Amino acid sequence: VKFGQYGGQYVPEVLMPAIEELTDAYERYVLDNEDGFMDEFRQRLRDFGGRPTPLQYADQLSEAYDTAVYLKREDLLHGGAHKLNNALGQVLLAKYMGKERIIAETGAGQHGTATAMAAAHLDMPCEIYMGRTDINRQRPNVFRMRLNGAEVNPVTVGRGTLKEAISETMRDWATTVETTHYVIGSIVGPAPFPAMVRDFQSVISEEAREQIRDHAGRLPDSVVACAGGGSNTMGSFAEFVDDADVDLLAVEAGGSSLTVNEQEGVAPNSATLSTGDEGVLHGARTKLLQDSDGQIMESHSVSAGLDYAGVGPELAHLVDEGRVTPANVDDDAALEAFHRLSQEEGIIPALETAHAFGYLHENPDAVGDVTVINVSGRGDKDLETVIEETEQRDLDVDVDMSVFEAAEGM
Amino acid sequence: MANNPDLAGAFERDDPAFVPYLAAGDPDYEASLEYVEALARGGADVIELGLPFSEPIAEGKTIQDAIVRALDAGMTPDRYFEFVAELDVDVPLVCMTYYNLIYQYGQEEGPRPFVEKAADVGITGFVVPDLPAEEADPLREACDEFDLDLVFIVAPTTRGDRLDRMREQVSGYVYVQARLGTTGARDDVSDQTDESLARIDDWDVPKAVGFGIKEGDHAARIVRAGADGIIVGSALVDIVAEGYENDEPVSAVADRLEAKARDLKEGALRGAQQRAESVVPEDQ
Amino acid sequence: VKFGQYGGQYVPEVLMPAIEELTDAYERYVLDNEDGFMDEFRQRLRDFGGRPTPLQYADQLSEAYDTAVYLKREDLLHGGAHKLNNALGQVLLAKYMGKERIIAETGAGQHGTATAMAAAHLDMPCEIYMGRTDINRQRPNVFRMRLNGAEVNPVTVGRGTLKEAISETMRDWATTVETTHYVIGSIVGPAPFPAMVRDFQSVISEEAREQIRDHAGRLPDSVVACAGGGSNTMGSFAEFVDDADVDLLAVEAGGSSLTVNEQEGVAPNSATLSTGDEGVLHGARTKLLQDSDGQIMESHSVSAGLDYAGVGPELAHLVDEGRVTPANVDDDAALEAFHRLSQEEGIIPALETAHAFGYLHENPDAVGDVTVINVSGRGDKDLETVIEETEQRDLDVDVDMSVFEAAEGM
Amino acid sequence: MANNPDLAGAFERDDPAFVPYLAAGDPDYEASLEYVEALARGGADVIELGLPFSEPIAEGKTIQDAIVRALDAGMTPDRYFEFVAELDVDVPLVCMTYYNLIYQYGQEEGPRPFVEKAADVGITGFVVPDLPAEEADPLREACDEFDLDLVFIVAPTTRGDRLDRMREQVSGYVYVQARLGTTGARDDVSDQTDESLARIDDWDVPKAVGFGIKEGDHAARIVRAGADGIIVGSALVDIVAEGYENDEPVSAVADRLEAKARDLKEGALRGAQQRAESVVPEDQ
């Protein structure tokens, strides 16, 4: 249950029995394929989720950066992001465990929508906790969850964002733990979550590793993925970890600056792997953005999905080991990369994903001759944010939206 | 393992311990000092003094709000130690906080520096809600070194091996969680309490029941059921919150806290007496 | 170039040479795979588009209707609908033809976004004509087209919707025909468009036919698809046309009523196959919604993508032949089906697609023991419309959105 | 095939035909009658009279707007025939419309009923912009039966086989499209005109050039280049539109149309004279 000194199970006693029960189920169903769990999981991922997702050679990027750039298209997964791999796995596991109800928290709404979809598909009652502020700024995702039949519970404490929603979901779980499974959305939380979520997500690298051999005739020199909590990251890396010659690059949100404001308890970034230090949060020992007292800082990123003060313990460990190289790009670079991929490849990426492409743009020489970049999600959810943020900045690559005035003015 | 005589000694069979909780620094440093002292005057036998952490995942909304108020008013671990040192009470103080603050205080050295400092300012023991027995060894060791107690929480879901593991580690008293969920005052008293108490009947540490106790009659009911003490947090924090929201004078709030404490302590005593007389009311 | 008496090339003389050139290119590249065109098309559909899309057994629907319901998941195609099959084919063909520029019209924006994506992917300049009214009510799709680097030209004539955009695109084409290819978005327009678009879309039925054999061990008793212009319809039917035992069901938008208002020139539906009669529109002889003089009527449907007064000539012919059975469901039934599929299967369908499921719900006995339903697109684009329309109606299945008030009120 | 002497006869080498276009019923029935008659007074040799169709895909914005106005004012095929019957002009009238209206008029019988009716009310020929030679057989037959002409449009892109096919089918005159695009008045005159005219130099029907001609000097330029006639639509429709928007009296608008017609006709004549004199200005 540990990754070096990271990981563990730092949770209230009331939850420990559920964690033990989950550990047992994880070992039996996921690791040992008891009752054909993994077979059913893979089949549903294929038929319902749309796996395998393609590995695409990117014509324009490859030419621009003079390196063979392959895109792992998780944006094509049902729901529009890699999130379903995990949500479907956990909801199915909950069903095998005889649980009657699913809860989850969500920030930007991606994990919530994936969980709601999986729960509808598997006919499980589902409740999603979401901060009041996030509900109001992520309306389409709230619509989607409600349409899929999930209850969405507004969390009004504090700033009304992800942190508060996590605490509230923990509270629900502490109360309903006997009948309810809490679907954690990333490779974070107490063991066995980090390992289990990684296992559900590692289908990404499992496919990509085979596909790149088909396409390029060899393994890549590098795999690049954005990193928030780290589930798409570990999913992209997992099967390459033992391939010592493949560089694993985890690109975090550099936000507006790497400098923290200790006084205000604010880190204007989410670069946990690059700048954080060890601590205990949400059930696991890992790298954190915290002040010198150990209070968790408010992280910031233009991308809501990367905006988290912690990171998966396994990634923290792999960084310490030197196996994974942390990097970060700032908000501006991510926005430019968003526009670049949209214009040049016809793929509108999630803002999270755009960070990986921002890294490629800034470090084309660091990725070798053949690189695989995980397109972790599509950007439809980010349109309003991108338009707004782009207007406020002076970017090298952008787009103007005067068509709306033209349509009104004429 | 450490077993501080002050702490275990606060629980007596015919004088069950009243263990109130407040978040240190809520709503501000000075008022909070007054409030804690009022609890002592009201009959507290042990005080659980919360050191606020920014992500209190085990708390209900009431205590979470208290923690936010305390943090906003500038409470930090160092201020907390000052606070403890400055407190004029003569009951044992238990520090209730989350593990990251304990761990981070010592930077690379683990929990030891925090525990050392806590012992130095007069803390008697710890309750760490996000530290299950499995992860507790380093803290347990430090507590032993400085002769401090480490209280564990037994939940309604805690059974079998888990109970054994905890029994080995616990000292001072065991915190019996009266129901599923997080902290918070409620209007009923759960059957789960009886079952939990039965499961640890033969443990040789005092059993203090918490979660949801709101008034004297609840306290009596719990003690009759076999508890050696009662832990009350949210019902007291509610008084602090109300005073804060209505901008009441500190002294008025302190008086209400003291009165509430008295009611709870008397309830506990009443329960002990009823238990001694084996007067079990019909509704049980 | 004809389908029975339907089809043909009713276009201005200035465009005829381009139509002849396109016919030649269609025959060489598409039909004869000259220069490996079809190989490249299929490869790009796979790697960029995400083909094959899965055929999914629908657990809940199958149980509810006591028939094996299989879903062909075109909603998982890049861009969120079957539209890319055609757009990618035509943009690639334009490239093979040496054209330098792409134009297209769009109503709801789905064809426009697919074309913009394909053009970005293939590095072709692209301009999309879109009615002023549509621009303002389909903002996210306008964002997407602009982000993909396409120009969006507002059309301000008339009502500012699809009809006007088509005329305007024709005008552009008439002016720039020598260097420009007009990507028509459905199996409509002058020959060779109807046959060519069908061929690009028939990958749907090609895959589905093989997949259903794998899944069910036999051909289906029926294939059900919604029908507007008819490209997803013919794409779903094409490879089954020769399987005489497979019923082909084309579900049109019944709108609010099948009764037309001749006085106002308004048909409150888009049920062309069911209620239209023969005429000539936008380059082809086909079934139309027209008044007794031959003026085209305004069609109506809650689903913008079905809202068209014409239909593909091949479908008109197959209906006359008795090979395809036309059907229709009204706005209410489509909305209920939208909610039902979202809640019960975890798939939020396009409102167009929902019509096919409305038909299934109303006629579970008509589809036989095994049916394939084409999920032509996803419904993210329809969220606002659905919420709005649902609130105004008294539906049997719906969902309440009071979470927003809860989030504000608390 | 039919070759109505009235129509071909309107084009003479030294008196090139001025062929104006207006949409019948724009902006309303009565005013439109006045306007068409004003064109005749202004020197029209043939008049192309548009029967408005709801989807005019070959028209530019100007004529599209005219069509919308006429439809809104209630123009229909039957009203159109009344309109033609009522018109007091003595020049040949060509009906310009889209194929669906022709086709639909006869319901199951194809274009014949429409053509019969048109012949009956005095129409001399047809221009159908969405009916290329490939699809024209049924209409061509009906025209032959009733001795009406069928005018085809030769575009700048029309070459090779297409020209031959059209040459076989055309009668009355050939409509030479001066440039790529749709109808609309423009400020320049295209070189494409010269090339188009050269391609059909040896055809034995009169060649009328349209698309973009705006004023007398353009007309002269076109005729000098070899045209037997000029077709002008948008420049005239602009006058109707302006009158409608400014709510001008019908007679004032009619006067301006007549003046404009005169300017264009004179331009055409000037061109013919210049051509006869082989006076080719420097800028050519």
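Letters A, B, C and D mark the chains in the order given here, with residues in each chain numbered from 1 onward.
Basically, contacts are C-beta pairs under 8 Å (C-beta built on N, C-alpha and C of every residue); 3 or more make two chains touch, one makes a residue touch a chain.
All values reported here derive from a predicted model rather than from experimental measurement.
Chains that touch both chain C and chain D are absent from this assembly. Greatest centre-to-centre distance from chain D is found for B, with centres as Cα means. Distance from the chain B centre to the chain C centre is 65 Å, each centre being the mean of its Cα atoms. Taking the mean of the C-alpha atoms as each chain's centre, chain B and chain D sit 96 Å apart. Separation between the centroids of chain A and chain B, computed from CA atoms only, is 38 Å. In terms of inter-chain touching, the protein chains here are arranged end to end in an open line.
In summary, the structure contains touching chain pairs A-B, A-C, C-D. Within the complex formed with chain C, the residues of chain A that make contact are 46-50, 53-57, 59-60, 73, 75-78, 80, 116-123, 132, 135-136, 139-140, 142-144, 146-149, 152, 154, 156, 160, 339, 342-348, 379-380, 383, 386-387, 399-401, 403-404, 406-408, 410.
Residues 8-18, 20, 157-158, 163, 166-167, 170-171, 174-178, 265, 279-283, 288, 290, 292-296 of chain A are the ones touching chain B in the complex.
By the touch criterion stated above, chain B contacts chain A in their complex at residues 53-61, 64-65, 68, 71, 76-78, 98-105, 129-132, 134-135, 152-159, 162, 166, 177, 180-182.
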